[in-house]
Amino acid sequence: MEKGENTVIEDDVTIGAFVRIGHLVVIKQYTIIGDYVVIKDGAVAGQRPLSNKKMARKPSDGLPPLVIGDHVSIGSGTVLYEAVNVQSGVLIGDLASIREKVTIGEDSIIGRNAVVENNTTIGQRVTIQTSAYVTADMTIEDDVFIGPCVSTSNDKYMGEGQVKHQGPILKKGCKIGNNATLLPGVEIGEHAVVGAGAVVTKDVEAGTTVVGSPARRL
Amino acid sequence: MEKGENTVIEDDVTIGAFVRIGHLVVIKQYTIIGDYVVIKDGAVAGQRPLSNKKMARKPSDGLPPLVIGDHVSIGSGTVLYEAVNVQSGVLIGDLASIREKVTIGEDSIIGRNAVVENNTTIGQRVTIQTSAYVTADMTIEDDVFIGPCVSTSNDKYMGEGQVKHQGPILKKGCKIGNNATLLPGVEIGEHAVVGAGAVVTKDVEAGTTVVGSPARRL
Amino acid sequence: MEKGENTVIEDDVTIGAFVRIGHLVVIKQYTIIGDYVVIKDGAVAGQRPLSNKKMARKPSDGLPPLVIGDHVSIGSGTVLYEAVNVQSGVLIGDLASIREKVTIGEDSIIGRNAVVENNTTIGQRVTIQTSAYVTADMTIEDDVFIGPCVSTSNDKYMGEGQVKHQGPILKKGCKIGNNATLLPGVEIGEHAVVGAGAVVTKDVEAGTTVVGSPARRL
């Protein structure tokens, strides 16, 4: 292992072979890191969730550790929580953050400054571009493309509480253009395309393209 | 106080009881921290403003310190400036940043990656979701909900200078959907609702709902 | 030079006169820093690019160093790559990130949390506001104003690969309102204005104003 200066590795961490960890990194207790992993300067791996009185759903105690697969690369200043499973070959850009109870499938890319909330599953070979926002309780199948600055949501009553949250469902191979807005629970069908800047208020059929505000079929 | 490794606490800092400060944190001079505060790894508390020649308004010298109330939690990599007043029970997510001359009322939440500019007042029990952008010179009353990726602005001449800036005014209990765009100085009335992706170009009456681009009453 | 605590300066770094570097900063090998530069706590200067199998374009090896001109100020938690040329008088806000092969002209401002991708040229006295996203392969001429949360893109086939990417071309003095969406390759003419929240799907003539989704001439 290469390890930079002033990096903090807590107890009970497992680190594979040929791992390179930068300067001023934090690896929290129990984190498991595979082989050939790169973690850049200033990243935090294995963070525990925070909460306050107003939060609808408190984070659980006793979550499993962060598991980072082989050949994963993690950018500078990125914050990864515990109970995240980053599969092999994934790239996570600088200043991204990934909350608890998230799986990221093999060879996917999470862009710089992107945010992934808790309880979301991301397939294989998915691209989530820079500054995109992936809400909680969302499903993203294999080969999906999410453009830069895409915004998603999961709470149609906006903070009233006491209702089930459901994020968008992105089926295999669909593509979402930059700065598009997806409302809670909409399903984007297989290989469908959402244009840049579209506001998607209802489901989009497989193989179709929608654009505009509200989004309509081309 | 618990204090992590390689954390830097400058002189003349006041720290209450039962405070937990992570690794690689910076607490700047004169910062005041209450009881039961949690500050996660890599946060910077009490930063001084920067400026250059082109900035319309230079930051003042001799600002008061950052004051963090009791039971406040602050995420990893977050940057808080001096002259910020964070009242008790507030939660600030990872990688957020809050500029000078801002007050955040009790039990409010500032989401991860959210940005709050200078000279803005935020009420109690306000939720500002992940990656939302709160401009300078903005007023946010109690119980407001600002969805993820909401964008606000305060300068209708876009950098011409020499004009008064005015951010949106969000009245008590209004709700703004994700990725909505608010133009300078618009007032969103009490308990009004702005739909996701809407572009709000004029005032919204209390208790009404607007959607679309430009936003119109439902 | 003033240097904070636990800051890491790698070998072969050149640092000018009257430079102030904060705590917990990383300056990577070969970085060149001019006179009167300020670098705030937690910034990373001179980072090397990452890649994985799925990335269309691998970063080059053997890039030139990061060069920071005189009187430049860099915020907390900001990540600057190698092969970036930051000219004199530039201000870069907190938690911003700038990728390789980018030039930022004199006295320009890069806002907090803004992201600039690789291979983009930014002129003099440009303002890029908070949380704006500047894609790769983009040209930004002198005196341009990019509002908060503006989103740009350069890949009209969204990740299919094998096609030339072209970001928007922003001509001298044009202004882009907050949260506007610019599609790949659109040209915004000299002193043209794009309204807040507009979705720009085709070129905008010099001196004109466009608004709406899709954007149309006022």
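When the chains are written out, they are named A, B and C in that same order, and each has its own residue count from 1.
Methods note: a contact is a pair of C-beta atoms (placed from the backbone, for glycine too) under 8 Å apart; a residue touches a chain by one contact, two chains touch by 3 or more.
Bear in mind the structure is a predicted one, so any value in this text is a computation, not a measurement.
Residues touching across the subunit B-subunit C interface largely differ between the two copies, under half of the numbers being common to both.
Here the C-alpha atoms of subunit A line up with those of subunit B after a rotation of 120°, rounded in steps of 5.
Measuring from the averaged C-alpha position of subunit B to that of subunit C gives a distance of 23 Å. Shown for subunit B are the residues in touch with two or more other chains, namely 6, 24, 42, 77, 95, 113, 131, 149, 179, 213. Across the complex, subunit C meets subunit A through its residues 6, 8, 24, 26, 42, 44, 47, 50-55, 77, 79, 95, 97, 113, 115, 117, 131, 133, 135, 149, 151-153, 158-159, 179, 181, 183, 199, 201, 213-214. The touching residues of subunit B, counted against subunit A in their complex, run 4-6, 22-24, 38, 40-42, 71, 73, 75-77, 89-91, 93-95, 107-109, 112-113, 125, 127, 130-131, 145, 147-149, 175, 177-179, 193, 196-197, 211-213.
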